[in-house]
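First chain A sits with chain B, and in the next complex the same chain sits with chain C.
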Partner chain A sequence: MENELVSALITQFPELEGKVTVSKPMRVSVDWLPQDLFLKVIYWLHDEQKLTKGHNVIGTDEGENLGFIYMISGPDQVIVILRTTAPKSDPRVPSLSGLYKSFVLFERELCDLFGAQVTGLPSGPRYPLPDNWPKEQWPLRKEWKPENFDRQTMTYHEPAQPAATTADPQQAAVEAKTEALLETVELGEEAKTATAYVNQPLPDAAAAKPPAPAHPEGDNLITVPIGPQHPSLDEPSTFTITLEGEKVEGAVIGIGYNHRGLEKACESRTYVQDLYIIERVCGICSHAHTTAYCMCVEQLAGVTVPPRAEYIRLIVGEMERLHSHLLWLGVAGHEIGFDTLFMMSWRDRERVLDILTVLGGNRINYGINCLGGVRRDIDPGLAQDILKTMDFLETEIEYYLKLAETDSTLAARLAGVGVLSKADCLLYGAAGPVARAAGIADDVRQIEPYGAYRDIPVRVVTDDHADVFGRTLVRIKEMLESIRLIREALRLLPEGPLTVRVPRRIPAGEAIIRVEAPRGEDLHYLRATGTDMPDRVRVRAPTECNWHGMQHMLEGGYLSDVPITIAAIDPCYSCTDRAISLTGHSSLSGEVLDWKQLREYSLQWYRQRGVDPSRIDVSDAAARAD
Partner chain B sequence: MSVLTALLKILIFPGFLFLSAYALALQFLDRKLYARLQSRQGPPWYQPVADFIKLIGKETLIPAQANQLMFRMLPAFCLAAMAVAFVYIPVWGRGAMFSFEGDMIVVLYFLAVPPLASFLAGWYSRSLFATVGATRTLTQMFAYEVPMFLALLAPTLLSGSWSVSGNMAFYATHPLLVLVNLPALVVTLIVSQCKLERTPFDAPEAETEIVSGPLVEYGGRYLAFFTFSKDCELVVVLSLFTAMFLPFSTGISGVDFLLYLVKTLAVMAVLCLLRATTARLRINQIVAFCWKYLAPTALLQIILNLVLREVFLI
Partner chain C sequence: MDLIKKAIAWGSRKSPWVIHFNAGACNGCDIEVVDALTPRFDLERAGVIKQGSPRHADVLIVTGAVTLQVRDRLVQIYEQMPSPKFVIAVGACACSGGIFNGCYCVSGGVNTVIPVDAYVPGCAVRPETLIAAVTKLLDKVEAQTAAADGQLPPGPEAEPTPAPAAAAITDQDGGERHGK
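Up next is the complex of A and B:
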């Protein structure tokens, strides 16, 4: 498949001769191309070769230039990697979001983190950096050093020159800080209008409408903010829902509250240290992320993981899927007011977590993976315990399946809700259970078996409902499949060592690995330059794909269905957002308070209530606290 | 009856004090049973009292845009309505504390106060979620009022008395006729759940959708009294239900009181089971359900009772 594609490319574009290679099985890599040729190639691949699935867009820092790496694939699942560059002095690159709807978020990331000017990108708020992030600061460029950034004032200080300072240095520092406070972040235009959305923006007409009144008087449209804090959201995000009665007329999605700068952090740490960061990308699918990362490093280092380690990775991965799906089932039950289901499935989830605790020492970040293998072994006693737990869970999950198929209130709330048809799934690049519920057999474990999945084939679960009900069925049936895989893996568990040695310095090269996380395809990109630190790490969590179809799923539904529709993609906000703490978001109130303003606000709040904080002797209080 | 005994009856037993104690006890039993059905431990017996005391001690915050007077008065309205309605329902013995021909209609009207208070509370809070919740409360009220009235009036057509006590006295002499009212019993059981805004009919206060609906801005002692009056509403609805559809009594006051406790607890257990085993319906589904299934059934019951009454001249 790969070779056909390569020859087709070279026949169509003779100038690509020598630039196209099959870098790895299932990967066709195209060398850096000038932008005009790159555009011709990608349009041709999209239109003629039907490579319509956009996986990822990665920005890189190439010294004088910015690099843009696009990953697309077609029906035969071969990922084609296309590259183009733009000079940093004029970092313009055309947006491909018209071609690949799923590129919108990735391209916004290019703008925010690399300072690229993506021309033709639908207007929208910034993502993933906070709204009060200073202009002209692009954290993923190599010359940007996190230690020069002051998080309190949100200002970047050029490395201090050892200039001749005559005045008191302490005084100077204070003055500099005051200065910085005074010229507080001017809100960008886009931040002011930031009714954040991921998807295509609302039509201009809708955006130009006066904001709906807070109280339904005169106008029958009301706007309900779901988030940033709302009982149905487990992590911050904003869904601005415009309602006519109970019907959702418009939905605007704001994410990006949890950017923690993990990718930047990875670049200044060694490969082993990065493992701990990657483990913490997500609270639920930590194993999937480390598996992908370890596979990247192992591929570059050219080591082969011992079979026993691969089997243990599979077992832990499937247990992670079990506990993730059980957690989802509980959340889904809670969203539709079925708290009994919530309590029961979370009770069962504890059984999986208990096993993982015994195995890894932690409930969530079990840290089983290490470079070159796994950290802990499964001894026969533990294997027995796992099998017993699997027997218990099998009866429970079969009961949930029966419940989902027969319970009438459950069906009434789930069927026909949040529909994303097969065509729409392909258009918006949906991944994981969302795509599988629409009848697309999109499962990396089958498309591109890795590790022990090569020995134990996966039966992909699909469904044709294409709604929340279908996603529920897919997840429940996948749990049964996971139990089968775990049993099979324990039966076939080969003897042997757990790890092989991985060198500290990883040879130069790049690796693109995808892994099936509980929520869908998890794609990692790693580039090494021969040192002990990676040059670029890009984590593309499955949720990032699923956001694009969200607006489509919400609109036309009911307010009651908003929470379950959001929950049905099993969103993992921190996975998607991955940076620096956020002090304000303007999507609702239109104002961002900085530290000083927040302090003033709190003083005023207390004064209104008759408390004068200025009279409190802070030093005295501090002394007493000691 | 002297004024003093009347006051004692209204305020202490079987009046307001008993109502309060029983409301808190029922809240505990409801929560405990619900927890056990979900394989949870559940709260200790004093939890409702502890919650109430704690809420009383909290700071009261009233939104600046809210209508201050209405905001403060609504919990009292709600509680008072429940206390008055309870007076006309038999608890100790066959007869209620007070009764007159037509007191059932009075009870029904007082029972309409909590949802109305809830609606007004949401509306006057001037908060988004509260407004949406208030609209839902009113929508739901329009859905269940008709089947509820029809179903509750059905037994009185046989007994010929529009008084709760009179109804009970009639069925004490004709206990087998209770069986005729079974469809109305089922309708009222479901409608009670709807009226009390419990799952699957808790769309007005759906926590995961509209935070907690009409009462979202309430806190402190106003919230304490609102939730307390909702507990009282549970007692009143259960008492009315047992008086209308399970009117078995012995004529001995003490035994009848115990019987009353057993009957209300049993009905509450059924309602709790319903709450634990269903998902929340959407508001449009609730309206459709009430009008498509409950109202016709109640209407059929009325026709059946009218025919029976004419044919057998009871």
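Up next is the complex of A and C:
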């Protein structure tokens, strides 16, 4: 597959001769290309070779230049890695969000973290840095040092520098003017929007409300701002939902409240120290993240993990899927007001956590992985305990499956809600259970088996409901599959050592590893330069793919279905760590109502329907309240 | 102390309503906070109810290293809570910034932004530790109430047996600030 693609590429673009390599199975790597050639190649790959899934865009600092690494794949799932650069003095790069809808988020990140000017990027709020972040500060550039940044005053203190060359101000003004003219002439309307995004004044917290109402039919529309503290999910996010009656017309979801800047932190720590940071990217899928990270380092160091360690990684990974899906089932139950289900599934989840505690010593962030293997062994006694727990869980989960398939409340509340069809899933690059619920057998454990999954094939669970109901069924059935995998792995558990030695300095190179986290494909990028610290670490969490289809899922639904629709992708903001804007209908820009206006509106709404709230006798209730 | 104040003190002692805010945590502590309310641990037996709105809450449970984007919002939430109010910093990150201390987008522990009454260590915090913290905080509330009422705080005999995983409680600025 890979070689066919390479030869097709070279036949089409003879200038790529010697620049395309198969870096490992399932990866085709193209060397740095100038922007015009890069665009030709990526358009050709998209249109002719049908490489329509956008995985990731990574920004890098290449000294004088900024580097942009794009990862795309097609039906045969080979990831093609394309690279282009732009000088830091003129960091313009065209947006590919027209080709790949899932790139919007990644390209916003290039703007904020690297100071790239992505021309043609749809306008929207900034991402992922805070609203009051100072201008012209790009934290992921190498020369930017976190220790020079005063977080109280939000100012960056330039380190003392040798006397700067004094440029002629007149000359500079002329240059700036010419530059501005050129930009307008060459790039047209799209470019202006993009520049406007990059250079827009940063809103402070008070001014960060939607623009003034501009819609003619505004009488029927109301904008409800919710968050960042809100009762539905456990993580901070803002929802600005435009409603017509109960119907959602548009939604803007702001995340990024959890952006901590850990990719920069990883660059100033050693590989071993980074393991602990990566473990804490997310407290739920910590094992998936460390597995991907360890596999990156092990690939670059050229070591082979002992088979026993691979099997233990599988067992812990599947146990993580069990506790994550049980957690999700509870949250889903809670969102639809079915708190009994919430309590029951969380009670069962404790059994999984018990096993993980015995194994790793901690309930969350159990830290099983270490570079070159695993930290703890599964002894025969523990194996027996695990099997007993699996028997218990199997009965419980089969009961949940029966419940989901037969309970009329669940069906009424979940079926037809948050639909994302197969075509839309492909368009927006959905991953994990969201894609599988739409009938796409997209599971990294099967596409590109890693570790012990090579020995124990996974039966991928799919469903064709394409809605929240389908996602529920997929997750419940996946738990049964996980139980099967754990039993199988314990039966085949090979003898041998747990770790191999990994050198402290990792040879130069780059690794792109994907693993199947409970929420979908988790993609890690690691670049080493031969020192004991990585040069660039990029964590692309599965939630980051699934956010893009969110507006589509929400629009046309009802307000009361918003929490379950959002919960149905099993969002994890700490993983995503970043912000997204889902722009509503362009004609329906929102407005903010204060409490009084909201009250007026609701009175009006009832009066129009023949109910006069002022005539309802509340004196009794008022007297009691006093 | 007049009757209203007595009633409020009694209410916050017998049934503290908590609100949980994730200020940039990795989700680990957040799940454990919710976990403490589910059947295995069942913090509700101490009268604790998780609330959705800060205006209804007595206790603010904050998890995670406070990110710069959250910083102002956290202050807003704290200010919206009615007095007397208490803050529990849950987890290593909330106590000191933890592993994320020094990251460019992290302000540090919760006490860099709002005053904190109880620090609960752990990464991630275990639900038992959280329960211990809540019960200790309740004892502290009771001691304050008693002191304000002219009574002596409860002696060592009256104190409940400490839970196995002890939670650190500080008294650095407790009594006066919540002034009763």
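Basically, the second predicted complex is superposed on the first by the 518 of 626 C-alpha atoms of A that agree within 3 Å, B and C clash if a C-alpha of one lies under 4 Å from a C-alpha of the other, contacts with A are read in each partner's own complex, and residues count from 1 in each chain.
Simple rule for what comes next: a contact is a pair of C-beta atoms (placed from the backbone, for glycine too) under 8 Å apart; a residue touches a chain by one contact, two chains touch by 3 or more.
All figures in this text were calculated on a predicted structure; none of them were measured in a lab.
In the superposition on chain A, contact of A:455 is made with neither chain B nor chain C. Residue contacts after overlaying the shared chain place A:283 against chain C, while chain B stays out of touching range. In the superposition on chain A, contact of A:350 is made with chain C only, not with chain B.
In the superposition on chain A, A:256 makes contact with chain C only, not with chain B.
Of the two partner chains placed around the shared chain by superposition, chain B and chain C are both touched by A:230. When the two structures are aligned on the shared chain, A:339 is found in touch with chain B, with no touch to chain C. Contacts of A:410 after superposition: chain B is touched, whereas chain C is not reached.
Set against each other, chain B and chain C touch different numbers of residues in chain A, with C touching more.
Residue overlap on chain A between its contacts with chain B in one complex and with chain C in the other: 230-231, 343, 347.
Chain C contributes residues 19-35, 38-40, 51-54, 64-65, 67-70, 72-73, 77, 99-100, 102-107, 123-124, 126 to its touches with chain A in the complex. On the side of chain A, the complex with chain B involves touching residues 214-216, 222-225, 230-232, 243, 246, 333-341, 343-344, 347, 407, 409-410, 412-413, 558-563. Looking at the complex, you find that chain A touches chain C at residues 129-133, 139, 146-147, 149, 151, 154, 205, 228-231, 234-236, 256-262, 264-265, 276-277, 280-284, 286, 327, 330, 342-343, 346-347, 350, 362-365, 572, 574-575. If you check the complex, the residues on chain B that touch chain A are 37-40, 126, 128-129, 131-132, 136, 199-200, 202-203, 206-211, 276-285.
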